[in-house]
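Here come two complexes built around subunit A, the first alongside subunit B, the second alongside subunit C.
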Partner chain A sequence: MIKMNELTKVYKDFDLNISMEIAPGSVVGLIGKNGAGKSTTIKAILGLIRPTSGKIEVLGKDPMDFSAKDREEIGACLADSGFSRMFYVKDVIAVLKKMYKDFDEEFFRARCKEQGLPLDKAIGDFSTGMKAKLRVLTAISHKAKLLILDEPTSGLDVMARNDILDMLRAYMAEDEERSMLISSHISTDLEGLCDEIYMISNGRLVLHEDTDILLGKYGIIKLSEEEYAKLDKNYIVSAKKQPYGYDCLTNEKAFYMENYPTTAIENSNIDSIIILMLGGEHTDVKEESRS
Partner chain B sequence: MHVIINNSSMIPVYEQLVEQIRQQIMLGELKEGEGLPSVRSFAAELKISALTVKKAYDKLEEDGLVITVHGKGTYVAATDTGLAAEARRRAAEEDLSLAVSKARLAGLDNDEIREILEMILEEE
Partner chain C sequence: MRGLIEKDIRLLLQRKKAMALLAAMAVFLSVGMDDSFVTSYLSMVGMVLAVSTISYDEFDNGHPFMFTLPISRKGYAAEKLLFGSGCIILCWLCGVVIQCIVSTITGKGLDFASFLSGAFIYLAVFLIMLSVLVPVELYFGMEKARVAMVVIFGGCFAAGMLGPKLANALKLDITPVVENLKRLPKGGLIGGGVTLTLAIMALSCLIAIRVMEKKEF
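Moving on to the complex of A and B:
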């Protein structure tokens, strides 16, 4: 669905260099701090910016060469996109009907009703949650093959986030060939949805792993200074100094549970992995053990 | 099909899935030829990644418990009744050995344990 090879985009104070692949039928999550390059990546995929170098292919084409018909295959939801404040949902329906050959009006109306989006109220008067739901609904209502969502749940309460995630899950379950790329700050949203996670930092890819492995095999080991010194560091990805010693991120927690049965080992989640991978003074364990 | 995932367990989610489905097949709650939910819909229902579900189905297939027909779905395979009986026997053995270790903790000797077992058997 998407192939990106050494794609770069150079700005005055920031540059992106990233490779990624999204297979048909998969849900891929993009995480990273603010300003890491998530939105730039998404804009490149949609053909909204011209890459400086590298190759990008979306649905078998360079996004810069997309025709209007190609764009119909993609459902997009960007953070600052939306309809005019003066529009009513019924106006949105009229626009979508004209824009997308496969727009499913019945589906759209049914979801609006279900999600409590009134047809005859100006969008300007919608709550943040209602606007976000409308954006997502717009992206999933025309049977797109590929969904690109930039922070669709940002700034929403837990119930609204859950409603949106359920809509996205239903969209994926409907057709097994559909793919989705979603970025979010809220990593729990991605844990229950994505098959793979790409973590980017300062425009570079720092981690690419199946969600299943991140949650099932990664773990956090808490150690005192002495224990840390004696630890077999073969499966330690990163370590961070703490007042009591070290927190270590492992990609083989089972190994340490077996060989260090008295050590404190916790399940990791994406948040704790971000903190250990990107957080302040992190120790490059591999460098250390080599020297 | 009812499966309960414990997200804070140290056991990886896909193993939890494999174990629970395996048990339901072994105990005959899932019958031969019965279809399992599609990967995506099961993932949506359990709020886990589809890859996790796929991995679990692959493992079950490897163990000969289910068959995946490409483009159609995953079905419970004909269970070897001998194998199922063996599994039930093993489960019973495990429970008994657990009971024995509890009895040891309580300071009971072999004769006392046998006595209790005899008593339970007679009561039945």
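Moving on to the complex of A and C:
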């Protein structure tokens, strides 16, 4: 569905360099801090920006060469961009009907009713949650093969987030060939939804792993300075200095549980992985291992 | 293209009251003004309304989302010119009809041939203005385009004012050129005017497409 090979985009104060692959039928999460390059990656995939170098193929084509027909295969939702605030939902329906050959008006109206989106109220008067739901509904209402969603749940309360995630799950369950790339900084949303996770920081890919492996095999080892000095660091992905010693992220939790039975090892979640990989000061584990 | 036109029509319909007020003003002003006023006024209104849809598209960072919809950059640029031309022609037709009705009701009489030839000149002028405004608005964006337009139209005005003086200073006599033009057959003049207008519109469309193809959102 998506192939990005050494794709770069250079700005004055930021540059992105990323490779990524999304197979048919997969749900992929893109995580990272604010300003990490998630939105730039998504814009490159949607053909909204021209890459500086590298190769990108979306549904077998360079997104900059997409025709109107090609775009019908993609459902997109951007965090800070949507239909005019002067439009009513009924205007949106009329426009989408003319834009998409496969627009499912009945589905769209039913979901609007279900989600409490009035047809005769200006979008500008919608709450943040209502606007987000409308953006997602727009993306999933025309039988798109590929969904590209940039922060669809950002700024929403837990109920609104849940409603949106439920809509996405239902959409993906309808056809197993459909794929989705979703960016978010709310990791719990991605844990329950994605098959794979790409983590980016400062425009670079720092981690790519199956969600099951991240949650099952990764763990956090809490160590004193002395314990850390003696630790076999072959399976340590990242270490962070703490007042009591070190927090280490491992991708082989079982190895340390077996070989260091008295050490405190916690299950990881995506938040803790982000904190350990991207937040605060890090110790160069590989360098330490060599010395 | 159909979706874009639907979107633009619906954007304009959000301002029904303003449009009704402008139309009422046109009828009111047509009574006291000269024959060509309503046609030119309404054509200008049509042009301004059409160009304003570009600003509405851009407003609130709307462009990135819009270009994820099934439209091409080329199609968007072409639609803006097509929609703008449609608006101008529709408003121009309304102007012609209003002027005819008002002249009949007030009984002030209308030299139809002279009125219509003047009206067609206005139509061409506003289509040419649209051809300038669309690429400028697309290239500079909502804010900077205002400054660019002041510079462009100010430049045209200055050229119009200073041109004859410059010709005098350089001792160029343009009277024979004007006289020769007047002697040309009417059919040739109309054909030339139509060809020139269409050529400018085609050039504008090519520039607008190029601008859109280079844009990033």
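Throughout what follows, the second predicted complex is superposed on the first by the 291 of 291 C-alpha atoms of A that agree within 3 Å, B and C clash if a C-alpha of one lies under 4 Å from a C-alpha of the other, contacts with A are read in each partner's own complex, and residues count from 1 in each chain.
Just so it is clear, a contact is a pair of C-beta atoms (placed from the backbone, for glycine too) under 8 Å apart; a residue touches a chain by one contact, two chains touch by 3 or more.
Keep in mind that what you see is a predicted model, and the values were worked out from it rather than measured.
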{"item": "Partners on subunit A (subunit B, subunit C) - clash or fit", "value": "fit"}
{"item": "Per-residue contact with subunit A, leading partner among subunit C and subunit B", "value": "C"}
{"item": "Contacts of A:M86 with subunit B and subunit C, given as first, second, both or neither", "value": "second"}
{"item": "Subunit B versus subunit C as contact partner of A:A170, first or second or both or neither", "value": "first"}
{"item": "First (subunit B), second (subunit C), both or neither touched by A:I49", "value": "second"}
{"item": "Touched partner set for A:L78, first subunit B, second subunit C, both or neither", "value": "second"}
{"item": "Contacts of A:G192 with subunit B and subunit C, given as first, second, both or neither", "value": "first"}
{"item": "Contacts of A:L215 with subunit B and subunit C, given as first, second, both or neither", "value": "first"}
{"item": "Contacts of A:M257 with subunit B and subunit C, given as first, second, both or neither", "value": "first"}
{"item": "After superposition on chain A, the shortest CA separation from subunit B to subunit C (Å)", "value": "26"}
{"item": "Residues on subunit A engaged by subunit B in the complex (per definition of touch)", "value": "25-27, 165-166, 169-170, 172-173, 176, 192-196, 210-212, 215-217, 253, 257, 265, 267"}
{"item": "Subunit A partner contacts - residues on subunit B that touch it in the complex", "value": "7-8, 10, 12-15, 38-41, 43-44, 47-52, 55"}
{"item": "Of subunit A, residues touching subunit C in the complex", "value": "43, 46-50, 66-69, 71-72, 74, 76, 78, 80-87, 91, 94-96, 98-100, 135, 148"}
{"item": "Touch list for subunit C against partner subunit A, complex", "value": "2-3, 5-7, 10-11, 14, 56-57, 59-72, 75, 216-217"}
